[in-house]
Each structure stands twice: as C-alpha cells, then as structure tokens.
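Listed after this line are the structures, all set down as structure tokens.
What follows is subunit A paired twice: with subunit B in the first complex and subunit C in the second.
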Partner chain A sequence: MMSLSKEQQNIRVTEIALLGAFALFLSTIEMVIPRPLPYMRIGLANLSVMLGLAMLSTREYFLLVLLKILGQGIIHGTLFSYVFLFSLGGSSVSALGMLLLYRCLGRQLSFIGISVSGAFLSNLMQITLARLILFGRSAWLIAPPFLAVGLVTSVILGLFAQQFSIRSRWLAAKTGGAG
Partner chain B sequence: MEGRNIPLAAGLLMLPALVFQDALLPLALQVLFLIILQLVIGRKIRFLPNIIMLISITVLNLFQAHGRVLADVIGMQITQGALEIGLRRALMLIGLIYLSRFMVFRKPRFPGRIGRLLSLQFAFYEGFLSRRPSLKPQQIIEHLDKLLMEQEALAEEFETDSRAAREEQQRALLYVLPVILFWALFSVKFLELPF
Partner chain C sequence: MRKRKGITAADWAAIVIVALSIALLSMQVYRDTGNDSQVVIEGGGEMWVYSLDTDVHTHIPGPLSETEVIIQDGSVHIPASPCRDKICISMGQISRPGQWIICLPNDVFVRVEGVEAEDREVDDVAF
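Showing the complex of A and B:
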C-alpha cells in the first residue's frame, strides 16, 4: 500500500475530525426534536458515519466511529454511564455492518438500505445489551416496537443521506463526484 | 493537567448538574449563568436565535398533550406538562450548547494521534455551534453543506491556534468558582421551593 505523505495524512486528520464534529453537532440538534414515542430517535449523527463510508479508508472510518462515540460521551456526559456502553456496542456493530455492506454491494445498495441495515444491527445489539445488563429476558418484549421504530427512523435518515449525497458540493469535492 | 484542558474538566464537572436538573427555574438560572460565562470568556451572544429556539421547541412540544389543560388555542389544547417539557428541553439545549462552547473554548489538547483528532474535533464542533442556524427546512442540506465547507477552510487556523495557545495552570482556581456556583444552582431544588 502506498504510504501517505505527511501533508496527505494531515488532510485525512482534518476530514475525520470534521466528520466527527459534524456527528456531535447533529446529535446536539437531534436533542430538540420531539419524540412521538419513547426511545424513538432518528440517529442524525449517523449521517456523518454514512458520509465517511463514501470518502474514508477502512482505518479512517473506524477512527471516525471512535471519535463519534467518545465525543458524544464527553459532550453529553454519558462517558461514565451504561448509556455509553450501549452507544459503544450499537455504534460499533452498526458501523461494521454498514461498512461490509458498502464494500460488498457498493452502488447496488442506496444509503436507505445502508441506514436501515445499520439501525437494525445497532438496535439488535442494544436489545441484547439491555437483556444482559438491565432488563433480563423481558428485554425481548420491547424488541418488536423498538425494531419497528428503528425501521421507520432509519428510512427517514437514509432518505436524507441519499439527498445529501446527491446535493452536497462538499461531498462531491471529496469523492470526485462519486458520493 | 495541561492548562488548555482545564475548562473542559470544569465543564465536565458542571455537566451532571445541568443534565440532571429537573426544576425549571433553577435550570433557567443555570442557562443564564452559562450565558454570562460566555460573555466573561469573550464570546459573543446572539439572543435572537436563542429566543427563536426557545419558542419553536416549546411550541413543537405542545402538540404532545400532557397534564392539566391550561388553554385551548384554535382547537389545540395547551397542557401544563407539555409546556414544561418543551421549556425544559429548549433550556437544556441552549444550556448544553453554551456549556459545550465553554468546555472547548481553549481548544483542549489530548496526547497521541487520537488525542489530536479529538482536539480538532472539538475545535470544529465549537465552529459548528457558533454559526447562525438555518430556519428554512427546504435549505437544510445546503446549509449543512456550507457549514462543512466553512469549517474545513478554518482547519489550518485551528491547528495554528492550537500550537500557539499558552499554558494557564495558574488560573485553574478561577474555574472552580463556576463549578461551585453551578452545583449550588442544582441544589436549589432540594430546598423544596414552590417552583
């Protein structure tokens, strides 16, 4: 693999940090959106991770996911709580699943499909953690509505990501118009 | 601890007092205190976006009826619970934004490559928060796109600023005061005052 010059490495650091900050910004914005149902959240911060799929290498992508998790933990004060564990578990599994799908299927799958898959994996992981840590076997009772809500919100986010990838000049500049 | 990281540490100590605040008036006072803190550290405050945010979030939350009915406006019931939840959410968001800005205003720096990424991430985050929000839903994508381009253009400035920032351990005690005041405001709710 060709090694990157110091300047090129700096450019990548900037892009990862910028997407990480964008994820924090979006998660802050999301706090004001009313939730029709408990636990229903769009997961706007994942837009940043999905954009990362289109423009970062695998290593850089996972650095971005780590930054998103750590940054959210620090800014929202959940770093030392079980919420952080849920975020870590859900985001890691979801990021891995989305990356595999994106690398294997590429353009055959839209951001809507990637978003739905990522949300499904994230929610499944969080239900598993809830079963192990908080609720025991009864955790599976919340699984159907939890997954159904996740499906709806991830379709909304996927549609937004799809539109963003089409209309964003910033992303086009980064991917050579192949966002 | 490196001097530039002290506001971040102080902010982290203040954070639980804000997040777990469930009494409305003390929360409003905490937000007011954070706004004053912004002025003390030399940050500009734009009041109009805050007022718009406060009103719009409160109104959005009114659609979820909850608790005693206070009024009926054009067929929509305004309930006490929904009003309080809306106000609390709006104040919490404004508070979190200003607390986040306070935490990262010295451009905190952490060791290692991940540390450098985190430092730059917080610098960009402050940049995002300091921009005027777009109020037109149809222009959200263009607005976010513009924000990304603007912030990226500032990257070099952030890095230079990060190298040039000076140590300030000797001023660490000054940061103890806001932490104590903030927790004092949090404790007001235990006095069982009628608000």
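Showing the complex of A and C:
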C-alpha cells in the first residue's frame, strides 16, 4: 500500500489532471461502442479511477472521481438531467467502496476483485435510484441482466487493470517503485 | 505496489459473492412474474395501463369531473367519484383478470387484464 510523505501532502495537480483526462477519453471511446441495451455500460473510465487508487491519496482520489463524474456529465450531455443523478450516485458509492476495499483488503484483493465489487455497487445503486425516482418496483426486472453484464465487463476490466499495474513502469514510478 | 499475477483467492470470493447476489436477486425478482396483471383504465377518450403490482393513486377525467382510482397492494378500487349513485365505489376492490369496475355517469372503465392462473374455471371469471 502506498503512503504519502509529509512533503507530498499538497494535491498533485498533474497526476489528477492526467487521470481525469484519461477517464474522459475512455468515456468518449466508450460512446463509440454500440450498446445492446440503453443503460448497459462497460465503464471503461473506471480503469482510470482504479489507477487512481494506487497512485493518489484519499483527497486526490475523490477529486479525480468528482472530475470523472462532472466530465462524463458534460461529455454525455446529461449534466443537468436526472440521468446525472444516476451517474453521481453510482460513481460515488462505487468509488467509496473501492477505496475501502483497496485500503482494507488491498493485500488480498487484486484489481479484479476491486473492479467487480465497484461495478456491482455502482449498478446496485443505480437500480435503487431507478426504483426510487423513475420506474418503481419494475426497475428490479432489469436488475439481473444489468448486474450480470456488469459482472462480466468488470472482470475483464479488472484483468486489464491488473495486467497494466504489473507491467507499467510509469505506474511503478508513480507509486514509489517496486513492491 | 503489489505485483501479483492472475486472480487471487479474495478475487474469486468477490466474484462468487457478487454472482450469488445476482442469482438470489434474480430468483426474488422473477419468482412470481408469471401472473402479473395489468390495470387498464379508460376515461375521457383516453386509456391508461398500470401494473397491478405498482401502487398508484390517480384521477381520471370524465364528463362530470374526476374519478379517483387507487391501485394498492395488488387490487384496485374507486374511493371517490362525482357520479350520483356511487355504484363504482360500492363495487369494491377488484384484483383478478376479467374483473372490472365501471362508472357510467362519468364514463370511466377500470378493468384488470392478465394471464389467468391455470386452476381457474370459466365461471370464476364470469362470477
């Protein structure tokens, strides 16, 4: 697990900006990929958030998450619509969950487990919001396929993040080298 | 930074827990969708379709005024109507496919539609 030295307590703008831009880039790429059903997303941008777990302090991490949420709202054009609530709710809960898991179970859990848990939390939150705001009880009908697709895509995303974290010298340098 | 190849035991645990949750949720959700009925409300030349499972409190416009329709706990009734005889109110609660409530003065027609259970006889529907 990473620890910040005292001199580094200030927010590292460059790293956050880079990861934030990465998240927005991936969100844009994801829009190009056709979706089988309207609300099913791959969540590519969470790759950047997971790298943020390894690289950033808690404060910086939440700043990154906020950047991702706002940026996605702008890119998707949903910033001032109710869809943004879903994004906000899902992203915050999953970001919080992933951070807790990473900090508490980081030694046992790789990015695969973190990705799977994060996606599940995000989707569960979004369905709960859909049930409360939009569709009523019938929102649960879409839940099983929605969550199942989320499980599959999050495993793939986690595998990728894990491979990346093993091989990337850039990430190793940013997180303080060998481990 | 941890450098570990492949999936760890804890990862498998996370995947299994999530998969199990999804399976449980699926069973919960799809358990009794076989006989989900719809409530069809016609009034003022328009038509509304609600699920019988969703609680709804609505006002249907008619020639006299608005007739209230409440869908609650899987049954439908009319609690208030501007008509003279209040027959629609006294028709009470309906919940099974084929049952209906009508308010002729205010031109509101409420009926339950859906797949009927297999053990039901023709006369059950025809009262």
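Of note:
We adopt the following convention: the second predicted complex is superposed on the first by the 163 of 179 C-alpha atoms of A that agree within 3 Å, B and C clash if a C-alpha of one lies under 4 Å from a C-alpha of the other, contacts with A are read in each partner's own complex, and residues count from 1 in each chain.
The definition used in the following text is that a residue touches a chain if its C-beta (ideal position, glycine included) is under 8 Å from a C-beta of that chain, and two chains touch if they have at least 3 such contacts.
Here the structure is a predicted model, which is why all the values come from computation and not from measurement.
Three-chain overlay on subunit A, with subunit B and subunit C fitting side by side and no clash.
In the superposition on chain A, A:Thr14 contacts subunit B only, with no contact to subunit C. After overlaying the two complexes on the shared chain, residue contacts for A:Leu63 are found with subunit B alone; subunit C is out of touch. Within the superposed three-chain model, A:Phe120 lies in touch with subunit C and out of touch with subunit B [touch as defined at top]. Contacts of A:Val155 after superposition on the shared chain: subunit C is touched, whereas subunit B is not. In the superposition on chain A, A:Arg103 makes contact with neither subunit B nor subunit C. Once the two complexes are overlaid on the shared chain, A:Leu141 sits against subunit C while remaining clear of subunit B.
Here's the short version: in the overlay, subunit B gets within 16 Å of subunit C at its closest Cα pair.
Comparing the two interfaces of subunit A, the one with subunit B and the one with subunit C have residues 171 in common. For subunit C in complex with subunit A, the touching residues are 1-5, 7-11, 13-15, 18-19, 21-22, 25-26, 28-30, 33, 51, 53-54. On the subunit A side of its complex with subunit B, the touching residues are 13-18, 20-22, 24-25, 28, 31-34, 36, 63, 66-67, 70-71, 74-77, 160, 163-164, 167-171.
Listed in rising order, the residues of subunit A touching subunit C in the complex are 2, 54, 105-110, 112-114, 116-117, 120, 136-138, 140-141, 143-144, 147-148, 151, 155, 158, 162, 165-166, 171-172, 175-179.
Contacts from subunit B toward subunit A in the complex involve residues 8, 12, 15-16, 19, 53, 57, 60-61, 63-64, 89-90, 92-93, 96-97, 100, 103, 114, 116-118, 120-125, 127-129, 141-142, 144-145, 147-149, 151-152, 155.
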